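What follows is a set of structures to go through.
Both complexes shown next keep chain A, but they swap its partner, so chain B is in the first and chain C is in the second.
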Partner chain A sequence: VDYQHVQVPFEITLWIMLASLAKIGFHLYNKLPSVVPESCLLIFVGLIMGGIIYGLNDKSPPVMDSDIFFLYLLPPIVLDAGYFMPSRPFFENIGTILLYAVVGTIWNVFGIGFSLYGICQVKAFQLQDVSLLHNLLFGSLIAAVDPVAVLAVFEEIHVNEKLHILVFGESLLNDAVTVVLYKLFRSFCEMPSIKSVDVFAGVGKFFVVGLGGVLVGLIFGMTAAFTTRFTKDIRVIDPLFVFLYSYLSYLTAEMFHLSGIVAIIACSMGMKRYVEANISLKSHTTVKYFMKMWSSVSDTLIFIFLGVSTIGENHEWNWPYICFTLIFCLVWRALGVLVLTFFVNRFHVNTITSKDQFIIAYGGLRGAICFSLVFLLPDFHRKKLFIAATTVVILFTVFIQGMTIRPLVDLLAVKRKRESAPTVGEQIHIRFLDHLLAGIEDISGHWGQYYWKDKLEYFNSKYLQKILLREYDQPKSSIVLLYEKLERKHAIELAEAGQLGHAPSHPSLLNNDRTVITDKKLEDTVNPDVLEDIQEILARNLYRIRRTGPAYNRHTLPGETELVEHAKKILILRHKSL
Partner chain B sequence: SVSHSQITRLYSRFTSLDKGENGTLSREDFQRIPELAINPLGDRIINAFFPEGEDQVNFRGFMRTLAHFRPIEDNEKSRDQNGPEPLNSRHNKLHFAFRLYDLDKDDKISRDELLQVLRMMVGVNISDEQLGSIADRTIQEADLDGDSAISFAEFVKVLEKVDVEQKMSIRFLH
Partner chain C sequence: VDYQHVQVPFEITLWIMLASLAKIGFHLYNKLPSVVPESCLLIFVGLIMGGIIYGLNDKSPPVMDSDIFFLYLLPPIVLDAGYFMPSRPFFENIGTILLYAVVGTIWNVFGIGFSLYGICQVKAFQLQDVSLLHNLLFGSLIAAVDPVAVLAVFEEIHVNEKLHILVFGESLLNDAVTVVLYKLFRSFCEMPSIKSVDVFAGVGKFFVVGLGGVLVGLIFGMTAAFTTRFTKDIRVIDPLFVFLYSYLSYLTAEMFHLSGIVAIIACSMGMKRYVEANISLKSHTTVKYFMKMWSSVSDTLIFIFLGVSTIGENHEWNWPYICFTLIFCLVWRALGVLVLTFFVNRFHVNTITSKDQFIIAYGGLRGAICFSLVFLLPDFHRKKLFIAATTVVILFTVFIQGMTIRPLVDLLAVKRKRESAPTVGEQIHIRFLDHLLAGIEDISGHWGQYYWKDKLEYFNSKYLQKILLREYDQPKSSIVLLYEKLERKHAIELAEAGQLGHAPSHPSLLNNDRTVITDKKLEDTVNPDVLEDIQEILARNLYRIRRTGPAYNRHTLPGETELVEHAKKILILRHKSL
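Up next is the complex of A and B:
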């Protein structure tokens, strides 16, 4: 038995297997995921595992290595989030999102840091040796809202799109702020004296980190798009480029101490449009499935490891500090949201209601990022206290807030997201209104949000598409794509129901001596007249198409089935005959 | 009503566009705005400023058209029903958009009118048949009284789930 030889890959595979089996287990009991979010269950499993390991080895189980987390587990999740991010609501609300992410996080960091320092001054708590700088450092890592946790919980509760994108976007973008503040305070801890120059350097660094991350991401994204232009003959490795370039952008950004999360999001959002146009449908499906798979596995592993790492002797319990940390996290977040929303509502017609504000504040979950950051802290004698406090906050937010957010949402009856995707008519009219508003804004001389969108579109069609798309002389507008998608879906439904195998019920459409279509025959010979009948059938029945499902879902792809290929052939033949 | 500073701002914009300095804008003045040239609906939007059959628009007309795009204030939402409806109400905003579709002003968007707009919005790479199918689909979805055209009421209904107030409001006219 040569266990040493295979130990490392074997153990990794076993962990992943455990994670996946746990997931299956949860979904066997239908009621369970609706009451307890999956993340809680996974942490619970981790706790059990940690307890077992602790019991067997009689020492602390292996703590999740921060490097493993940041380099291997986090990127797939962020990539998945960035790739499937609905870009329209994201950019429409980008101002608000940035405000929450940047100003809100800074507010939280300093608020929590200073109030905890105030607590430390109280003699009774025996905390005097925790300096202000240490408290600020702790504040910087505990204040940031975690995208993994937010995603995990928010998708169980289907709130309206705008709210979802606000919290989600904020959790992704506050990484830049967190990185800067954390590194800043950490370097301050090691410096003998701090001058104001250093503080200003810190502020400047924030811009560098954020914008640098975006730049790195866009460069890699454009390169990826360009590469896929030439992959016509080697379709099989198409999907690989998407992943390679995204991962490279993350690593490069981290290498330069820029924000890797922002880079990978910029990369995936930038390249998505061109890559999807260039690669084949099969590659596209592969990309989507792999992304979902990897992010799912990562997500599960993170939560399990969180549970495992909690058990052990890494903690120092100081009840006042821990309790006050928790209280301050909640309080400062709520205050921050209130104040910021007040400002935001002054500038927007569409106000964020107080119910929405409550959800934003309550949905500020902390997760694995804080956990890893706290382990990365340099060893000083109060480190275990911080670890304990972080653990408690994470467990509280994930369990208590995660479990209660759904009943609270129901209680407050937050405006739920609309059940159906926009119809062709809606999409056309919305696009129409967009152009109209852009024109009006141009005339009135105000550079509104549509100005940038139109400018970008112009730049895109003039230059980018020519360079980055393989067949740039056939760009399809999204209206046409949507129309085709709806028709395809309906064709699938008809094919599944076997209706294409029978003569249609409408008497005037067919003569008796027409060829009856069967599923198999569609592939060889389809009569143009019959195609027209299909179209007629489709057109008459298209009312029934109603796509349901949220725009972004962790566990499923947005509405694809395996029968797409089959239906696609129908469409291609039909369009050829037109 | 628009505030004093906003009027001043719009007036300075008006004069900067008015190259002939005669107090009115012609179509050429609008067409000089480069961004409008790349806007697929550019010509239609320009036409919306000019009253029926005229080639010049004065500042009052300019303001009046732009007033449709003022955001709806909260205190206006609960105004009394007896007064005249302000230009920037949801109803009037939609009506403005509707008039851009409906060139022959028969209060219906016919299939041809829809096709024209679609053609403008999707470019030249889509075949006429495909476009026709899309237009048919759009009319079918919206058409409630079966006349194969979209009336204003049907248009309003299609957009009932869309946040028109936000989509048709320029922020700085707050």
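Up next is the complex of A and C:
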């Protein structure tokens, strides 16, 4: 046995396999996932596995490597989130989301940092050696809401679209703030003295990190769209470019210390409409499917690793510090949401209700990003304390908040996502109002969101589409396409109900018996793809028919003729309807 | 800039990107790929890149790592080959394929090894220090036809199915022989003395390696089929299992020193029919698409790396040895094919013509497997000579033979692959003959291929299907399915031709004007998926309609009303037809 040779890919494959099998296992029992969120179950599996490894080896199980997390596990999830981001609610609420993500996160960081520093001054807790800067650094990593955890929980509880996008958008966009503050405090920790210039540089850096991420993302997104213009002859590598370019945007942003998450979101949101128009339908199915698959596996691995890494001897259990961390996380978030929403509601007609505010505050789950960041801290003597506090906060938020949020949503009767999709009439009216508002803004000279949307749309159709789309002038308008779709749908229904015989055309196919359909005619009327499908079915199934009929073969058992009977019955029915 | 942090994934992504862009580039000029095979172009790109790297750094460019090749690049190609292997011609010719793969490869190894040893005895060539064992070792790696190179060339020339499967099947199955002989001679090289026991052990090992590979593959294939029974609730990870299990089969086989290629082929061929029946249609599209995409990228990377690795100072240019290697490779292969085909033709009615024999001999391309194996050789003073000889043989076969094989096929008028798929009538007759022959063999007590196929099919439907398929009793027979497909196809055609109005049913949809279709009715008649599509189209396109019409907006240009005109014209047409 030569295990070493194949070790790396073998273990990676086994981990993925374990994760997938765990996922299947949960879904075999239908009741379990409806009570406990999948993320909790996966962490639980991780905890058990970590316990087994710890018990067998008598040393701490391997900790999730921060590089692996940030370079390989996080990007697929963020890509999936960005690509399937509902862009209308996102852009409608972008102001509120940014307020929560930027001001809210800064509020939390400093709130948690300073109040923990206050706790450290209490002599009884033996924490005097934790400096203010260390507390702020800790605050910067523990304050940020985690997109992976939020997505895992909120996908299952189906709150209304606005609430969902507020929490989820915040968790994605706060990455820029977290990156800047974390790196700032880390470099301050290593500096002998801090000048006020450094603080201002930090503020400037925030804009660079955030906007730089958007810029990098858009550049790669547009390049991706442009590239897919030329893949007509080699359809098979269409999907590749979507993945390659978005991953490159993430890596490039990380390379320049910009926000990778923001970059990949800008890239995927930017390229989506062009790529969709350029690539074939099958390619697009593959892209969507694979993105979902990949993010689902990443997500599973992250939660399992989170569980495994929790077990071990990396922790310093100073309970006062840990408990106060947890309390401050909850209190400052609740306060922050209340204060910010107060201002938001003053400027909006469609206000955020107090129920919604509660869910936003309560949905502030922490997850694997905090966990990876705390392990990336420079070594100092209280690092294990921070690790312990982070672990407790993550487990508390994911388990306690994650499991109780669904009953709470039920209890408070929070407005849910509407079950049915909006009707065509509603859609048309919404569009009409958009155009009306854009017109009003245009005339009144007010530069509101509709005005900018209109400008952007103009720029898009005037320049971008000509460069990025393979076939710029689409021949059919949407109404015609819709009509055709309805007609086709109707025709299929008619065919399935057997009422098509009244149509006088194509008598060759309908008025003869099915066995009389000659090969020649078949080839004339059926396109090659369909024919191939048919042949595949024939090739696979003809054998079975013979088997089930009374044949010369020794192995034939009586009573296997149901299928044939079934087919006969259908044929008789059809003959009647003709 | 923090490049080191992201170096590994960044460089991998860039290489894949380069490969994909190169592929797009070739296909932009339609004439190029029809003259030169893609593999040649890719090696050429690699050579140029290698030259640039060499020129800039003044040292040899990095050589393709054998581990990367065998662990990451080869498996996707073999998986693709196995999954899409046409099973009927493969099993019909399995005897001939095995003869070529096993006896033919052994013949080539010893032929080339011994005759090169003869060349080494010529004093003028200064090669006396190359021992017989080293020559045999070299023979074992240079003798094997390469599946990647064969696939790349034969996919483009479209020879008839039998010829294709003979060359391609041989190139896949000779892996078992190559592995055994290569490892045997390598261990002999390191042994002080060779006993006859070792030689016998080698012969036994061959069966272990080949049949062990098949066994490992089948076990993983069946497990994969069994696993996909339970993925009903989480469709999104369906495709994952196909990839995970086949990769695991490859790695497991490699771990136990069995033939990984044989294992992955057995795995994919074994699981295919069950997996196809279990997973959803979209999952299956993703599986197929991704497999093609992945193998296409792997293939591209291999040829580019092959080019890059050729440049450098790893070579010892002893021209007599190199030239004789090339000549012996060609001569022994030609002789082998002639002799083996003579025996094959004596036992078959459907003989292999002399033209076919020529193409089989001429299609014996060498590729990246030889190249990786020669770098894996233990260090000894003539290794660079072997590297040079291997490089020349690969480049000669891929460039000269690869580029001339298409004109030769044209010139000899080799029987091509039939353009059209076999008609339904033919298919039914082929099936009928199969059953007839199985019956004849059954009655006469002869255990031929039809007998075994029948037995296998019985075992499959009696036991395997019950265990491995999610829904064992498929409700509809193939004929009914075929009929339904035709009806649906016909209905769509009618709808597109606008002749559906005669049908009296569903007046709500047809007899009213399209604008009168109320939302309620739409929801009743259209299923949610279709509705979602429609809404997406509306959401994306309604804006454009407004833009193109005469509107209040400042940016509207005259002359953009074509789309609206087009839509109107279609509507008028439709009204007439009603």
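Going forward, the second predicted complex is superposed on the first by the 474 of 578 C-alpha atoms of A that agree within 3 Å, B and C clash if a C-alpha of one lies under 4 Å from a C-alpha of the other, contacts with A are read in each partner's own complex, and residues count from 1 in each chain.
Simple rule for what comes next: contacts are C-beta pairs under 8 Å (C-beta built on N, C-alpha and C of every residue); 3 or more make two chains touch, one makes a residue touch a chain.
Quick caveat: nothing in here was measured; it's all calculated off a predicted structure.
Engineer: Let me test your reading of the model: by the given contact rule, A:L408 touches which partner, first (chain B), second (chain C), both or neither?
Structural biologist: In the superposed model, A:L408 contacts neither chain B nor chain C.
Engineer: Touch test for A:C189: chain B only (first), chain C only (second), both, or neither?
Structural biologist: Neither: A:C189 stays clear of chain B and chain C.
Engineer: Touching A:S296 in the superposition: chain B (first), chain C (second), both, neither?
Structural biologist: A:S296 contacts chain C only, not chain B.
Engineer: Report for A:E441: first if it touches chain B alone, second if chain C alone, otherwise both or neither.
Structural biologist: Touch partner of A:E441: chain B, not chain C.
Engineer: Counting only touches as set out at the top, which of chain B and chain C does A:V424 meet: first, second, both, neither?
Structural biologist: both
Engineer: Once chain A of both complexes is superposed, is A:L433 in touch with chain B (first), chain C (second), both, or neither?
Structural biologist: first
Engineer: Now for A:F347: first (chain B), second (chain C), both, or neither, which partner does it touch?
Structural biologist: After superposition on chain A, A:F347 lies in contact with chain B alone.
Engineer: Quick one: chain B or chain C, who's touching more of chain A?
Structural biologist: Chain A has more residues touched by C than by the other partner.
Engineer: Across the two complexes, find the residues of chain A that touch chain B and also touch chain C.
Structural biologist: Residues common to the chain A contacts of chain C and of chain B are 423-426, 428, 431, 435, 438-439, 442-443, 454, 458, 473-477, 479-480, 483, 535, 539, 542-543, listed in rising order.
Engineer: Which part of chain B faces chain A closely enough to touch in the complex?
Structural biologist: Checking each residue of chain B against chain A gives 10, 13, 16-17, 30, 33, 35-36, 38-42, 45, 49, 66, 69, 71-72, 74, 97, 100-101, 117-118, 121-123, 125-127, 129-130, 133-134, 136-138, 140-142, 155, 158-159, 161-174.
Engineer: Under the definition above, what is the set of chain A residues touching chain B in their complex?
Structural biologist: Chain A residues touching chain B: 347-351, 418, 423-426, 428-446, 448, 451, 454-455, 458, 473-477, 479-480, 483, 535, 539, 542-543, 575, 578.
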